[in-house]
Amino acid sequence: MPEDAEAIAAFGYELGLLKRVRRTGWWHAGVRDPESVAEHTMRTAQLAALIAAEEGADPARAAFLALWHDTQETRTGDLPHTAAAYLTKPDPRQITADQTNDLPERSRETVRAAVDEYEARQTLEAQCAKDADKLEMLLQAVEYRDTGIRRVEGWIDSARKDLKTETSRRIADAAVALSPLSWRER
Amino acid sequence: MPEDAEAIAAFGYELGLLKRVRRTGWWHAGVRDPESVAEHTMRTAQLAALIAAEEGADPARAAFLALWHDTQETRTGDLPHTAAAYLTKPDPRQITADQTNDLPERSRETVRAAVDEYEARQTLEAQCAKDADKLEMLLQAVEYRDTGIRRVEGWIDSARKDLKTETSRRIADAAVALSPLSWRER
Amino acid sequence: MPEDAEAIAAFGYELGLLKRVRRTGWWHAGVRDPESVAEHTMRTAQLAALIAAEEGADPARAAFLALWHDTQETRTGDLPHTAAAYLTKPDPRQITADQTNDLPERSRETVRAAVDEYEARQTLEAQCAKDADKLEMLLQAVEYRDTGIRRVEGWIDSARKDLKTETSRRIADAAVALSPLSWRER
Amino acid sequence: MPEDAEAIAAFGYELGLLKRVRRTGWWHAGVRDPESVAEHTMRTAQLAALIAAEEGADPARAAFLALWHDTQETRTGDLPHTAAAYLTKPDPRQITADQTNDLPERSRETVRAAVDEYEARQTLEAQCAKDADKLEMLLQAVEYRDTGIRRVEGWIDSARKDLKTETSRRIADAAVALSPLSWRER
Amino acid sequence: MPEDAEAIAAFGYELGLLKRVRRTGWWHAGVRDPESVAEHTMRTAQLAALIAAEEGADPARAAFLALWHDTQETRTGDLPHTAAAYLTKPDPRQITADQTNDLPERSRETVRAAVDEYEARQTLEAQCAKDADKLEMLLQAVEYRDTGIRRVEGWIDSARKDLKTETSRRIADAAVALSPLSWRER
Amino acid sequence: MPEDAEAIAAFGYELGLLKRVRRTGWWHAGVRDPESVAEHTMRTAQLAALIAAEEGADPARAAFLALWHDTQETRTGDLPHTAAAYLTKPDPRQITADQTNDLPERSRETVRAAVDEYEARQTLEAQCAKDADKLEMLLQAVEYRDTGIRRVEGWIDSARKDLKTETSRRIADAAVALSPLSWRER
C-alpha cells in the first residue's frame, strides 16, 4: 500500500538525521567537529558482531540490536552526561513506539523487538551490543588522542569499567596499547 | 588469546577509517563536505532491514550484509563512477580476505560469509541489502536537493532503475514525492 | 583570592563549550554544519539592544539578559523541539545556580540575577531579550533559505508568532522581505 | 516607520556575517577551522561582565562595550597581526558610523556611544571589556593547546602582557594552570 | 648553504597558510565554508594557461604569474571589497619583497619578477593571468549557485565586466550557460 | 568558436572538482578534514619553481608540470597507497587525453605536453616537479604534526627517501627541523 511505503520513506528520512546529530560528549573534550551518531552506530554494530562471534552469540542479531540502539536521538539529540543531573532520560521504547507508529506491521515489530531486546539487556546478544557501544567510544577516544586531543582518559576509563563480556575487555586492553594505524602494518 | 584481541582491535581501527572516507560521488554534484561511508552504511543497514521485513526475508541478516558492503573502502577509498573507465574495480572478497586474515576464526568466517553472500547476490537478503544501498543514495539525493543542490536527478534516476524488489521501488516512489521533514508532521 | 580567579577561569572554559554546541534545530532542516549557540547568542544580544532602544527600554540590560539566556546548554546541550514530548525541560535557574556556585559573590549574583530576570519575563528588558532570541532565529532562517535550504518556513512562522514587542514584529516583517545582502547596497 | 525596521533588519544581517568571519590569527597557528568572530564576541562579553563585577564596575555596561568591539569586521575582516606592517588599521568609529547611518536615532546613538566609549578606553568598563578581549584569546589558546595545537605560547604571552586589571591578570594566571575540563570536576 | 634551504622551507610554510586563508568575499554571499586562496590559485593558474594558449601567449608564463598573484595574503588575509572604503590596499610588491628577503638569489628574483610582471599588467601573459583570476571567480560563483547560493549575480557580473581578452570573455559566456556537471556528459 | 569556449569552460568546471577531492592519505593518519588536491597542487607548483631556480632549471616550466600532475584525480579520486595491492593505477596520459579531447588544439596540446613531460621524468623540470610533490607532502606532515597529529613519521620518511635533487633534500632537512611558524620570526 502506498501509505506503507510513505511511512517507511518518512522513517528513512528521520533516520538520516543521525548523520547530522553529533556525539556531543566530545565537544566537552574540545573536539570541534566530532563524529555523528550514524558513524558511531556503524562501528558499534560491526564490533557487536565480532564480540558476539567470539562469545558464541549470534553476530547478526547482536549487530542488529546495536543498529537501533541510538535511533531515538533523532528526537532528543545526544544528551551529554552532564544532562543527567537536570532531566530524566526518556524511555527509548516510548520514542521507538512513536517513530514506528505508522510503519507496516512487520517493519514496526522488527524495530520494536530489537529496541526491546537491547534495552532489557537479558540476552547475550544485547550484552554484546551494549559492550560494543562502550568499546566503540573507547576506540574513538584513542583515535582522538592520536590527533592531539589531550583529555580522553575519562572517556577511556568510563568505557572500560562498564564492559561486561570477557571478549570486549580483552579488545579494550589491546586497543589502548595499539596505534590506530596498526592495521597498515599487519 | 591476546593476539586475537589485538587483531580485532586493529580491525576496529581500520573500520574507523570509514568515518572519514567521504562518499566521493557527491563531490561531483558540488557538495563540499558530503556524508561519510560510515553514515551511508548505517542507514543502508537500517533500510535493508525494513525492506527485508516487508519482503518476507530475514531483517537482521539483510542488515548484516549491508553492514559490511562497503568496508573494503578502507583500502581503496570510494571510487567514483568516472573511475570505471580507467581501472578494474577490485574484488571485494579479496580485500575482505586480507582485512580479516589475522582475526580469530569465528570473527573471520562471520565477516567473510557476509561479504560472500552479499557479493553473490543469490539470496533475498542480499538483494534487499543491495536495494537498500541504492535507496539510501536516493534518500540522500533528495535530502541534498532540499538543501539547494541542483543536479541530483542523475543520482535519483540511477538509484531507481537499479532497484529489484517491489518494496524498495515503492519506497523510492514515495521518497521522491515526500519532504525529508515529513516525519515531523506525522 | 586565587580560588576566586580559578572559579572564574573554570566558568570561562565552561562557557567556551557554547562555541562548539550546535543549534540542533537546523539539523532537522538539513543543515549539516549549523551555527553554534555562541554565534546565536552574540546576535541575540545585539538585537536585544536595538529592540530595547526602540522600545524605550535599557539596551545594555536587555543585551545582558540575552547574553546568558542559553548558557545552561553547556550542561544539557540544545534540546530540539521534538524532545519536548519525551522529557521535562530543566529549570535554567537551577543549572545556573550550579554553574556559578564557586564564583565569587559579585560575579555569582550578577549572573544569577540576569538569568532570574530573563526567565521571569516581567521586565521590558526581559521581553526584548526574549523577542531577540526569536528574531535572531528568523534572520538565520532567511539566511539559510538564501543558501538553498528549502524548508525554513516552519522556523520563520514559529519565530514570528511568538514576538511580543511592536518593534520586533516590524523588524521581522522587514527581514522576511529583505535580502541578507541588502546592507551592502545601502 | 517601515524604513527604520528595514534598517535594523539590514544591520542584523550585516552582524550575521560575524558568524562566518573567522579569527584569522589562528590560521597562523595551524588551526584549519578556527572559531568565528561571533563566538569570540560572546565569551568576551561574558568575561567582561565577570571582570567588571570583581573590579566594582558595571557588568552590563562592560559586556555591552565588548558586544560591539569587533563588529566593524563585517567590512574589513579580521586583520591578522602581520597586516600591521602593510596597512593602517581603520578607525572603528568611522566604520560604525557608516554601519549605523540608516538606523533610527536611538539605536544609532546606542551603538555609536558603545563603540566610542570602548575605543576611548577612559572608563573602567572599557578597560574591563578590553581585558576580556585579551583574556578570551588566552582561554582559547589554552583550549587549542589541549586539542594538540603546539605553538600557542605566542598568543598566551601576548594576551597576558596587555592585561590591565588585577582581576583579569589573576584569571589569566589561573587559566593557564587549569584544564579546560576542570569545570566538570567542580 | 643550510640557511638558504632554511629560508626556502620557511617560505614554504608561509605559503601553506594559503590553504587555510578563506576567500572572504563568499562569506558575504552566505557561504559558511568557502574555498581557500590556495584552491582559487590552482584553478586560476590553470585557466591562465588555457587563455594564454588561445591568445597566442606563453601558457607556462601566464600560469606562473597567476601562481603568485595572491601569495601576499599570507600577511594581510583576503581583504573583502567592502574594506576598500576604509584602508589603502597595500602594494603586493612590498609584501613580496619582505616574504622573499631571505631566499637565495635565484629563488628570490624568480618570485619577485613574477609579481612585478603581474602587477605591471604590461605583458599579454599578465593580462591572461588577471583575466583568469576573474574567470575563476565566475566559475566558482556558478558552482555556488548550483549548490543553492542565491545571490551570486553580483560576483558574476563584476567578474565579467573586468575581462580584457576575447578568449576569457567567450569562456565566461559559455560558463554562465553551462552546468558545472557538463564535463561528465561530454 | 563557441564550442571551443564551451569545452574550456567545461574543463574548468572539471578542474574545480579538485577543490573538493581530499588528499585521502591523511584520513589514515586520523585527519578528519584534510587539505584538497587543489591546495596540495598550488604549493607543489610553487615549490617546484623554487627547487628549479636553485637547480638551474626553468622555474616556470617546473611549476607548470606540477600544476597538472594530479588533475587526473577528477576522474579517479586520490587513490590511497593501500589501493595499490588491489588495482592497477591508471595511466595519467590516458585520462588527460580524455579530459582534453574537446579542447581547441593549442590548449589541448599544451596540457598534454605538460603531462607527458611530467610522467616521462626525463627533464630536470619534471624531476623538480616530482620532488616538489613529495616535499609538499613533507611540509604538510610537519604542519599536521604541529596541530597534534601523532603518526606522521611514515609520511615524512616516505617523502624524504624519494627526493632526487640536492636542493629538495636540503629543504627537506631544514623543514623537518623548523617550526611552521618560523617565517613570522624572520
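The letters A, B, C, D, E and F name the chains in turn, as written, and every chain counts its residues from 1.
Heads up, the rule we're going with is that a residue touches a chain if its C-beta (ideal position, glycine included) is under 8 Å from a C-beta of that chain, and two chains touch if they have at least 3 such contacts.
Note that the structure is predicted; figures quoted are calculated from it, not measured.
Any chain bridging subunit B and subunit E, meaning touching each of them, is among C, F; the list is complete. Following the contact convention of this document, B, C, D, F is the list of chains adjacent to both subunit A and subunit E.
Looking at A-B alongside B-C, one finds more C-beta pairs in contact between the chains of A-B. Where subunit A touches subunit D, under half of the residue numbers in use are shared by the two copies, so each contributes mostly different positions. The best fit of Cα atoms from subunit D onto subunit E calls for a rotation angle of 180°, in steps of 5.
Chain centres computed from CA atoms place B at the largest separation from subunit D. One simple way to say how far apart two chains are is to compare their mean CA positions; for subunit E and subunit F this gives 18 Å.
Averaging C-alpha coordinates per chain places the centre of subunit A 31 Å away from that of subunit C. Per-chain CA centroids place subunit B at a distance of 46 Å from subunit D.
Under the contact definition stated at the top, the residues of subunit B that touch 2 or more other chains are 19, 28, 30-33, 82, 143, 147-149, 179-181. Taken together, the touching pairs give a contact graph of some other shape, not a line, ring, star or complete one.
Applying the touch definition to every pair of chains gives A-B, A-C, A-D, A-F, B-C, B-E, B-F, C-D, C-E, D-E, D-F, E-F. Within the complex formed with subunit D, the subunit E residues making contact are 17, 19-22, 24, 27-28, 30-33, 74-80, 82-83, 85-90, 94-95, 98. Only residues 33, 143, 146-149, 179-181, 184 of subunit E touch subunit B when the two sit together in their complex.
Per the touch definition, subunit B reaches subunit E in the complex via residues 28-33, 82, 147-151, 154.
Residues of subunit F touching subunit E in their complex: 2, 4-16, 18-19, 35-36, 38-39, 41-43, 45-47, 49-50, 53-54, 59-61, 63-64, 67-68, 71, 99, 101-104, 106-107, 110-111, 135-136, 139-140, 143, 167, 170-171, 173-175, 178-183, 186.
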